[in-house]
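Quick heads-up: structures coming right below.
In the two complexes below, subunit A is the common chain; its partner is subunit B in one and subunit C in the other.
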Partner chain A sequence: MVAPVKSPGHVAAPGIGGVGESAARPDGTLKVAGEFAYASDLWIDGMLWGATLRSPHPRALIRAIDIGPALALPGVRAVLTHEDVPGRAAFGVDGVEDQPVLASGQVRHQGEPVAIVAADHPETARRALELIGVRYEVLEPITDARAVIADPERLKVQDRGGVTRYQPVRVGDVDAARERADVVVSSEFEVGIQDQAFLGPEAGLAIPSEDGGVDLYVSTQWIHNDLKQIAPCLGLPEEKIHMTLAGVGGAFGGREDLSMQIHAAMLALRTGRPVKMSYNRYESFFGHVHRHPALMRYEYGAASDGRLLYADVEIVLDGGAYTSSSLNVVGNAASLGVGPYEIPNIRIDAYGVYTNNPPCGAMRGFGAVQACFAYESMMDRLGEACGLGPVEIRRRNAVSQGSRLATGQVIESPAPLAPMLSRLETMPMPPELDASDPRNLPGGVSQATRGEGVVRGVGYGVGLKNICFSEGFDDLATARVRLEVIGGEATALVHTAAAEVGQGLVTIQAQIARTELGVQRVTIAPADTGVGDAGSSSASRQSYMSGGAVKAACEAVRADLLDLARRSLPEAAHVAGGKIVAASGAVLAAVEDVLGDTVIEHTREYHHRATERMDPVTGQGRSHTQLALCVHRAVVDVDVDLGLVKVVELAAVQDVGRILNRQALEGQIHGGSAQGLGLAVMEEILVTDGLVRNPSFTDYLIPTILDMPPMRLDILEYPDPEAPYGLRGAGEPPTLSSTPAIVAAIRDATGRPLTRVPVRPEHVI
Partner chain B sequence: MRVTITVNGSAETVDDVWEGESLLYALRERMGLPGSKNACEQGECGSCTVYLDGVPVCSCLVAVGQAQGRDVRTVEGLTEGPPGDAGEARLDPVQQAFVDAGAVQCGFCTPGLIVASHDLVERNPEPSDAEIREALAGNLCRCTGYEKILDAVRLAAARKRTAGGKAVRS
Partner chain C sequence: MTGTGEEMEFMRPATWADALAAKAEHPGALPIQGGTDVMVEINFDVRRPEALLDLNRVAELTEWDTSGGRLRVGAGVPYARLIRELGDRLPGLAQAARTVGSPQIRNRGSVGGNLGAASPAGDSHPPLLAGDAVVEAESAARGVRMIPAAEFYLGVKRSALEPDELIRAFWSAPASGPQYFSKIGTRNAMVIAVCSFALALHPEERRVGTGVGSAAPTPRRAPAAEAFASAELDWEGRGPLPDAASRRFGELVADAAAPIDDVRGTAGYRRHALAVMARRTLAWAWNDHRAATPERRAS
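After this line comes the complex of A and B, so read on.
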């Protein structure tokens, strides 16, 4: 195999730090030095550049494609259309293969790939795209999600069309409970389309291999699931495709679906040359799925003391033209639709629908984010109607260990929501606004006033997220660990296919190896298909799953090491600090002396406990493996004259079961909270008639360092006995709860109802 | 068109520059310096920030022709001297502070933030939080929520003051 000049390599983790310590990232030095090989940095002699022609229309029939002029352009090596797909014509991330590799006969969303080009130079490839003639017959796009539910047979954007998944949840008798309720509140809510906006563009390199296969270096979240989708479309057995994870510049769900993988491989196989593809930011907005927009109707009834009697809920999620991960997004929205509150009577109707709007799939929080905005807004309304504050209404209805979720699933591990809220409530508040420095005002130095119209508000939000995959899916993880003496020092090599996307999994893997094997020197091999499936870097699951697999493999290696030691040192009992130690604590020998030339290697698979599908009629079932809570308090200043919002402070309390690396964990909570802030006040893909109006960082705004306030964190450790080290997945929960907390604070400041996110200036003036 | 630029101290020449070719493209694709990043290529994210004659710029917005005869310093050029015995880079204090403070997650924004932060602590040895925020407002990060980046800049400035022993403002 010919490796690229710039390619992913082993990262040494020579630092110190086992589980529980804030060990440094093994790839940190490479990243700060500009030496880390991201997918868009890959380079190899003789490589071509690939480019993608995309549909300008959200819905149109393709009457003809003329590639002749493009092929005639000097420097162009291949122009391919749907006719050139070697194998299956379509793929899909969750087993529903309805997304065409290249559009055939019809395009169903703006930006759908129609043709691909390979050329000597990226600029030549771009010009060739302009020379491809596509004759479209434009159709009126289907864009109204509720209309699709009302008439799914007529409003079909594809054969499968209509409703992706309808998932009801039925508990008790809502209508009877409504008769008994002292207080009833209801509202409609809307969540706009959020983009993952990872900074590293979709990119990768495909190199034809000598056996007729292809080597792929790509940035993805799940190598083996990519492989499963790519191989049939290329008409190749999986063994002929070798995949290596290239450096990933953020993911947040947006790299679960394929982007350029099959295209680059097709071009490489056709030309016999390596092909690199790298999207620009404009293309990236069309090159990956987004967070589903949601339309929601909620009605809650309660006794006069605030205790919830019933919830009547409808959630509509628009997934765009293809299935992507909509089936599971709907499952999450339904099962977590009323959040971590005890409600005896529940009726939830959750729908996913197909439209010609932008395609939607996985994003951090995955179906739980949308519902969380609605149910938390409802808790505030209910509290107000009952004369209770936002914290008290939540505390009165909070779940705890032993409570049942809407699905009937019993929460078996700690769920300390009420104490978390109490801790949050007593955290210190930020100082009053000092308007003498304009940088403190909403709008910052662009402020044109002295802050006369600024009002402060405080709000709370609670989020409940499932950790790991749900509904019967066995999302296993595999790890290979090798222990040997290299250069006189015992060294552990950890090899998994798990995607490091920035979250710090490589750090955790090294920490686990140090703790379990008692050695300091750990090397992390590049993630590739040379080892078994690791599952996806999503659902906050990799510390749990790949962490669990690394721990299990290390335990097997350690057992062998101790067996080896006992041949000459019968009292050998533990490995610690690089030594073989007796039960008494006496040091018997160095690990290096026991190992000598022996190499100990083990591969282990890790599985979480099995889950069940939700009942299709009642929504009942133990569908989740682990659940995690985060609570936020937001303080905002709102300029009601200018329509400007400044988030002054975010405080969060999160239970993580066990802290593996506090520094990395804090980074996850900060970053997750920031994405929730973005959804609350600025981030939205604006769509008119199926067309995206703001596909750039000029017009799609994500929080800057001026937008993100200081945070106070209180991290709790209530161990989950089912999970490795007692840990609880941590990456997603803060993304849920920061959004409703911020919107509640804006409501508190302005008195406005604010039923949609992101909140726009005209909503607060 | 042929363009010659001093990059990280050495003269680099590129031929057949095409119209519209950016300094970022030339650095990444022609000079083997992909440290400067291509996140938006329209001057919004700051991940391609380099020094041009000592002033931080978005290299995606500079036509490579504009850099003719000028001095460019990239994130790769902040690393001091050749790699050490173990092959490790000798990091600038700002680079080291980003590692130590946990300011790096996916790291795609990091090179641009490091150049911008390097410039800040050179100009202002004791920046306030408000000054750090102002200086880094043009650099987007999607992973960290910026808290650890603030920590990193504070740490780098403090270490620089201690190491310099004389740069502390009265």
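After this line comes the complex of A and C, so read on.
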């Protein structure tokens, strides 16, 4: 097999840091210098370029496809449609295979792939797309999610019908509690469609292999789940498909679903040539699923002292035309629908629905983000109605270790929400506005104000996120660790299929190996299907799961190493600093001298505690493995005349169980908070009649350095005894709580109700 | 390129005369200077011009000079240099330039390119209008033609430029009074204008100039607002600006706009924001003017 240029190789992890140290990223310098090879940089001699013809309509019947003129274009090597799919016609990320490889008979969302082309040059491939004649019979798109719930039998975008999943949660007696409530508050809320907006668009390279299979280099979040979906569609056994992770430029959930993988493989198998596909920014907006938009109705009742008596909630999540991750997104929204508060009576009805709107699936926070905006807005309203401040109303109702969630699940590990809020409240406030520098003002150098109309506001937000997969899923992780002497130095090779998507797992894996094996030189092998499943780089789970697997494999290697040492050094007890040491701490021998030519290698699987499905009628069940909390305080300056917002500061307190790498962790909290800020004030895919109106970074705005403020962080370490090193997943929780904190701060400054995110200037004035 | 059938010609004249000749020969050629607009459109396949006319080798386009008390600024002077070298003489335009894209974009983009694109959202246009700038266009056949900014913009991305003409420079008097530019974006940097407003005081003429951006099919002045403020301001006594007058000025500026609802904002918000920006910038400018020591008293 000839490997492509710019494909991943072994990565030597720099530095000497073990667990707990801020070891530097091995790929950091390359990324900053612009030299890191992303999937879009993949190259091999003789490769063809693939391109995708997509539906311009959100809903239409396909009456005919004429590929003749495209095939006749010189330089075109293949034009394929649904008729050319070698195996199963559809796939799906979560086991429901309803996403067509290429549309057959009907298209159900704008941008749905209809045909694919391979050509000698990318421009030729694009011209060929224009020559494919597709005769559509356009149908009126189904775009009203609530209408689908009201009439699921009629408003079907596909045979399976209107509702993806309905998940109720029932606790106590809401109607009786309503009678007793001194204070009742209610509101409707809406969350727009957020996009992952990763900077590296979907890309990959498929190379036909000699055995009739295919080698795939792709940027993805979960190699083995890709493989499970790709193989049946190609009609190939999994062994004939070898997958390697190419450089990933961000993911945030948007790479859980397949994009170009099957298409590139089909074109490579048909032409016998390597085929590269790389979306541009416009196509990327149609090439992956987004965050579900949500329509929510909330009613809370409380006693006059602010203690919650009941919650009555409806959450409607629009998943678009195909199932994708909707089943689990609905599960999260339902189970975490009222957040980390003790409420004795709960009625939640959570729905996922199919429409012809843009397809939605996994995105950082996954169902919990949408509910969090609503329940935190409700806590502010309730506090106001009870005459309590935003911190006090939350503290009074906060869960703690031993509390029950809405699902009845008991929180078994520390959940110090009330103390976290108190710490947040006492953190110093940022200085007063300095209007002399326009960059401090709402609007920045656009100079919309010099201080006129600027009002400061403060808001709080709390978020609760499940870590790892839930509801009975055994999302195991596998690691292979090999210890041998290379060039006179003991070297550990860590091999997993876990996707490094920018979060820093590649760094953490090396730190764990150094700590567990007591050696400094660690190499990380490229993630590929040459080792067992690692599970997805999502659900904040890889430090926990692949970290746990690397730790377990290292422990097995260490045990063998010590056994080997004890043959000549009976008192050998530990490995540290590259030496075999006795229990007394006395150095007995160098690891290299003990190892000699011996190679010690072990592979271990790691599983988290089993979970259960939510009861389909009551929503009860121990559905989550681990839960994580983050709390935010936002300080904003709002130009109340123009509706422009400058977030002055975000302060956060997060419990992470154990800090493995503070620098990487702070990056995750900063990034998660920034993504929550984006949802609060700017990020939205605008859709009219199923058509996306802003598929570009010109009009889909993400925060810049002038939008994202400095952060004050207070990171707590309350260990979870079930987790490796006591750690708690950290990537998602800050994405939940920063959004409601910022919106609460804007409400504080303006007095506007602001029931929809992102908040736009016209909502504020 | 292989098998595309139609190829894009790329011309790179070394002199202005060669550029004019090339444009005369290929009226469909699209001039490219910094490429910050043209390349985006080509990359997104929005536009496939039959030819590109690269003006980057025409050195004089990146020069500026003064002539008869007026500034003549080459069409290719990038925003970054405009801010650095002309910020004191063309403050309104420099403020607008500071809001364009990122530092990288400001190093490449130019007023000439902004004029060539003639987008209603271009940040240069409102200060050019408020400051009475004149566009110097030229063709090989007919020579130089001076087009006042107010007559330059004809429609969405349409200008008064003839197919055989190129933009050579723009002319503007150095600011004789305070100038301000103000813009709305839903992000605090790197944003295309939801709407924008420029204001220039011309004290020696006792006149107020305005420019409204991204709130009509073309950038435009707000003549009724200009007339109102010019008459209302106490040029002689430099008295304070009554709040009611600045509000009325804002209303008249909003009335001059003809905005639409689009992905960047609603028509209603654009009108509202224009009124706010207009009254704020007038107050800033007038207060600056009042604070400045009048020349006749300086000696």
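Going forward, the second predicted complex is superposed on the first by the 758 of 765 C-alpha atoms of A that agree within 3 Å, B and C clash if a C-alpha of one lies under 4 Å from a C-alpha of the other, contacts with A are read in each partner's own complex, and residues count from 1 in each chain.
To be clear about the criterion, a residue touches a chain if its C-beta (ideal position, glycine included) is under 8 Å from a C-beta of that chain, and two chains touch if they have at least 3 such contacts.
The shown structure was predicted, so the numbers you read here are calculated from the model rather than taken from an experiment.
Of the two partner chains, subunit C is the only one touched by A:D641; subunit B is not. With both structures placed on the common chain, the touch criterion links A:S446 to subunit C but leaves subunit B unconnected.
Ranked by how many residues of subunit A each touches, subunit B and subunit C are led by B. Contact with subunit B, but none with subunit C, is seen for A:E666 once the two complexes are overlaid on the shared chain. Applying the stated contact rule after C-alpha superposition, one finds that A:P419 touches neither subunit B nor subunit C. Residue contacts after overlaying the shared chain place A:L73 against subunit C, while subunit B stays out of touching range. In the superposition on chain A, A:T698 contacts both subunit B and subunit C.
When the shared chain is aligned, subunit B comes close enough to touch A:A197, but subunit C does not.
Of the two partner chains, both subunit B and subunit C are touched by A:N280. Looking at the shared chain after the overlay, A:R127 reaches subunit C, while subunit B stays out of its contact range.
According to the touch criterion, the shared surface of subunit A, contacted by subunit B in one complex and subunit C in the other, consists of residues 121, 123, 280, 439, 445, 696, 698, 703-706. On subunit A, the positions that touch subunit C within their shared complex are 73-76, 119-121, 123-124, 126-127, 280, 282, 439, 442-450, 452-453, 641-644, 646, 681-682, 686, 693-694, 696, 698-699, 701, 703-707, 760-762, 765. Residues of subunit B touching subunit A in their complex: 18, 20, 28-29, 32-42, 44-45, 47, 74-76, 79, 86, 88-89, 91, 95-96, 98-102, 104-111, 114, 130, 132-134, 136-150. The touching residues of subunit A, when paired with subunit B in their complex, are 5-6, 14, 22, 24-25, 27-36, 38, 40-41, 43, 121, 123, 196-201, 247-252, 278, 280-281, 437, 439, 445, 501-504, 663-664, 666-667, 669-675, 696-698, 702-706, 708, 710-711. Subunit C makes touch with subunit A in their complex at residues 1-5, 40, 43-45, 95, 98-99, 180-192, 194, 263-266, 268-269, 272-273, 276-277, 280, 284.
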